[in-house]
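What follows is chain A paired twice: with chain B in the first complex and chain C in the second.
Now for the complex of A and B:
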């Protein structure tokens, strides 16, 4: 049994504790952060390669056999998300050094950040439904503190919203876990899949599935539960906004995909119309919200809501092609949106505000920034040859193949609005003349992660074929739940 | 007991929801805590058996006993919920000190 699977959780956890101990030694902290970030990247990538070569990996924590102990499972989908998460997290960490002002802030921020990273990796790897709850709570706790640590009024207000949301969703999660435990008497997801299969249409199972859609939908900001996202994502410190929109809302999406491709496989048809309807409304509402905003980070936050709708549309097709498209969408959107949020942070540092009318002239001040921002805008807008084009193309193609004409039509109309609000924002910030000179010069250190992510989005567009193949392979694996169940229950 | 538990759960969720709909931020906190406790009771009742007795130690071997796993789960959930609630209370205190109000609508009005 290889211990590789537990490292993506242990390394960030250990780093976080080490960082707390080293809080008065800035230089030592820098080294620790650098080394352990590289280590996590190496571990996550080698894990993905190993899963790709050898199939689904499982790890028994404490050596307890399958339905009794907590099992960690890595399939292709979780491997992909682990790698995506570490790409965004490394950029956010690098960015935070230049973004945060005082050393005390950095000490606290980085320790919390690594707890957050551990929780995120843990959510992707766990094979136990209650352990998923615990990992979610680690993520949420770190986010509560990271969101409010700078103490701006807007952040405190968003913090109250986020914690209320978090407490409510935890309570519902517990109710759902209680319901499913009373029914099946197990918490291991693979074991649940086996035990629930013969009783898939029992009313309690449907009720629990609905509760899970509520819980994870709340975290992923699916339409009626999206109210908290714009405030939280727009007021968080910028590196955290990038993490939130890039990878953390995907944790909710991941959980929905996981339970519907494993535990509630037979209910897929049952919930299809419901999920597709919510997805279409989410797309539309998010885009309309984004068009109406004057604050750049709020535009991006509403756009995240809208893009989550696209991802849920891919899920709602419940076909291999649709799920593959959704996975590629998750990858591509994560990178682009993180890049755009970090770009917004560069602007905030220059003029101290996110109101687009206060900005302008960026074309003259920094053509490089303008270019990176434009790549992000074109990618999210879906203009070829950026990765954004392929993510939308795959999705639309999967929709047409499955004859879901109405959702496809909504998606196409909404993508026009997407392009509209993004180009408008770009134009206001980069082309419009602005008399007031910026208060601070542009910090080139902040520009590095923006550029890296923007170029990555571009590369992902030019070389999309291998990534799309990987996403489709992950999707095929998701639609053969026997593989997952055998990996967990088989090797005793 | 069979009727009592669902009733308790229902009352906890109902009063929690009612409190959450109030404008006072402290009532929001109390409402969330009641809902959290309701959820804990749901979880613990999932391992409950009619004539149940204590699990593992000091039990009559011939009788069915209560499932200990939900009890362990609830313990975890209580600790996590407690931490989150404490954080929310501190934030509310901070809001009160900054804005001198506990009214959610007024807090919302003071963006800045």
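Now for the complex of A and C:
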């Protein structure tokens, strides 16, 4: 049996522990961080290649067979998210070296960051619903500390909101898990899928499915549960904002896709209207919120809410094309949004504020920054040939194929607003004149990850065909849950 | 807290607490007990000392580094137990049991690798609790 599947959790976890032990050796920490980040990237990419070549992989931790032990499962969808996560995380780690000031901050930050990374990878890989809860808690615990560690007033306030969100969602999650365990007597997802199938329309099953939408919707900031996101994403330290918007809200999306394509397959039609309605409202509310903001990071945070609506729309179609579009949307939005958040952090370092009226003249100060920022803006706005165009195009094509005309119309109108608030922000920051000179010069080290992610978004646009094919293959795999069940339960 | 009664009780109770917690730690594999509960009990002993005598008597502040390495070392120990399972048993977190005939007393003792994991948990819980208490009790 290959251990490749457990490595994406083991390496970051081991690194985090090593970083705790090396607290007083900054140079050694730097080397460990560099080596293990590269190692994780290599492992995640080879895992994706292996899944692509050999089909769904499963791993029994502790040697206990399913459904008794905790199973790790890697299918194409989790493989894609693992690779996306490690691309964003590597950029955020590189960025954090120039972003954080003192060595004490770095020691704490990087150890927690790797715990966060282990938790994220774990949530994508686990095949057990209670283990998913544990991984969520690892993510949340690290985020609580990472969010408030710099101790700014805004961050403490956001911390209170995040903790209340976290406690609420954890409590609801436990209730849902308890309900489903009482009903089916198992927590292994593949086993649950088999046991729930004959009773799909039992009221308790629908109730639990609804609870799960609540729990994961809260994490993914679906409309009525989005209250925490703008504050948290905008006040977190910038590398963490990039992680939050780039990959962590997608953990909630991932979990919804996973349970609705595996456990509650027969309830898809039942919840379709509900999910599509919420998706449309989320898109609209997020965009409206973003238009009204004057603070760049808040614009981006509200835009994340709006974009989550698009992703949920793709899920709500419950078709292979729609899910494939949603997966491609997750990939490309993650990269673009991380790049934009990191760009916002560059500005914050220069003038110490995120108010757009305080900024300006960036065109003269740094044309390169202006270009990278523009690539991000155009990508998220959906202008060809960036990947943003293809993500929206795929989604709308899937919607029209399935004859969902109203959600498609909402999506098109909202994308105009998206373009409006992003271009406005870009114009204010890069073109407007500003008499006040910046307090600090632009740090070129901060610009590297911004550029890497922006160029990646561009490359994803020019070479979108293979990635879209991969997303569609992942979507097809999701819609044949037998493959997943056989991979877990088959080889005992 | 400057109470003679509390100080006297602490002198008697805290060593008993700590020794009993070690007993709980070691029996935890088959019987109620284990690393987490034992760690909490040991740190309860430290909390009693802290409350009764203040941080000067035991010098918690200068030993904060000891407790820091206690919990990160404990974490490393538990992690390495899992890794050892991977290299020896073939699966991550695989546990094993060895029966050893003890010399002199001629009894068959059971050693489980899960006990090492539990000792790691014990160190983490104890280190974290005492570090937290010292940090929160600090005067700014």
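Operating definition for what follows: the second predicted complex is superposed on the first by the 492 of 492 C-alpha atoms of A that agree within 3 Å, B and C clash if a C-alpha of one lies under 4 Å from a C-alpha of the other, contacts with A are read in each partner's own complex, and residues count from 1 in each chain.
Quick note on the criterion: contacts are C-beta pairs under 8 Å (C-beta built on N, C-alpha and C of every residue); 3 or more make two chains touch, one makes a residue touch a chain.
For clarity, every value in this text was computed on a predicted model and none was experimentally measured.
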Fit or clash - chain C, chain B, common chain A: fit
Touched partner set for A:156, first chain B, second chain C, both or neither: first
First (chain B), second (chain C), both or neither touched by A:266: neither
Chain A residues touched - chain C or chain B, whichever exceeds: B
Partner chain in contact with A:476 - chain B first, chain C second, else both or neither: neither
Chain B versus chain C as contact partner of A:20, first or second or both or neither: second
Partner chain in contact with A:10 - chain B first, chain C second, else both or neither: second
Overlay on chain A, chain C to chain B nearest C-alpha distance, Å: 8
Those residues of chain A which chain B touches in one complex and chain C touches in the other: none
Of all residues in chain A, those that touch chain C in their complex: 1, 3, 6, 10, 13-14, 17-18, 20-21, 23, 59-63
For the chain B and chain A complex, residues of the former touching the latter: 20, 25, 28, 32, 35-36, 38-40, 42-47, 67, 69-70, 73, 76-77, 80-81, 83-85, 87-88, 91-92, 94-95, 98-99, 107-108, 110-112
Residues of chain A that touch chain B when the two form their complex: 130, 133-134, 137, 140-141, 144-145, 148, 151, 153-154, 156-157, 159-160, 163-164, 166-168, 170-172, 174-175, 177-179, 181-182, 185, 187
Touching residues (chain side chain C, partner chain A) in the complex: 68-69, 72-73, 75-76, 79, 82-83, 85-86, 89-95
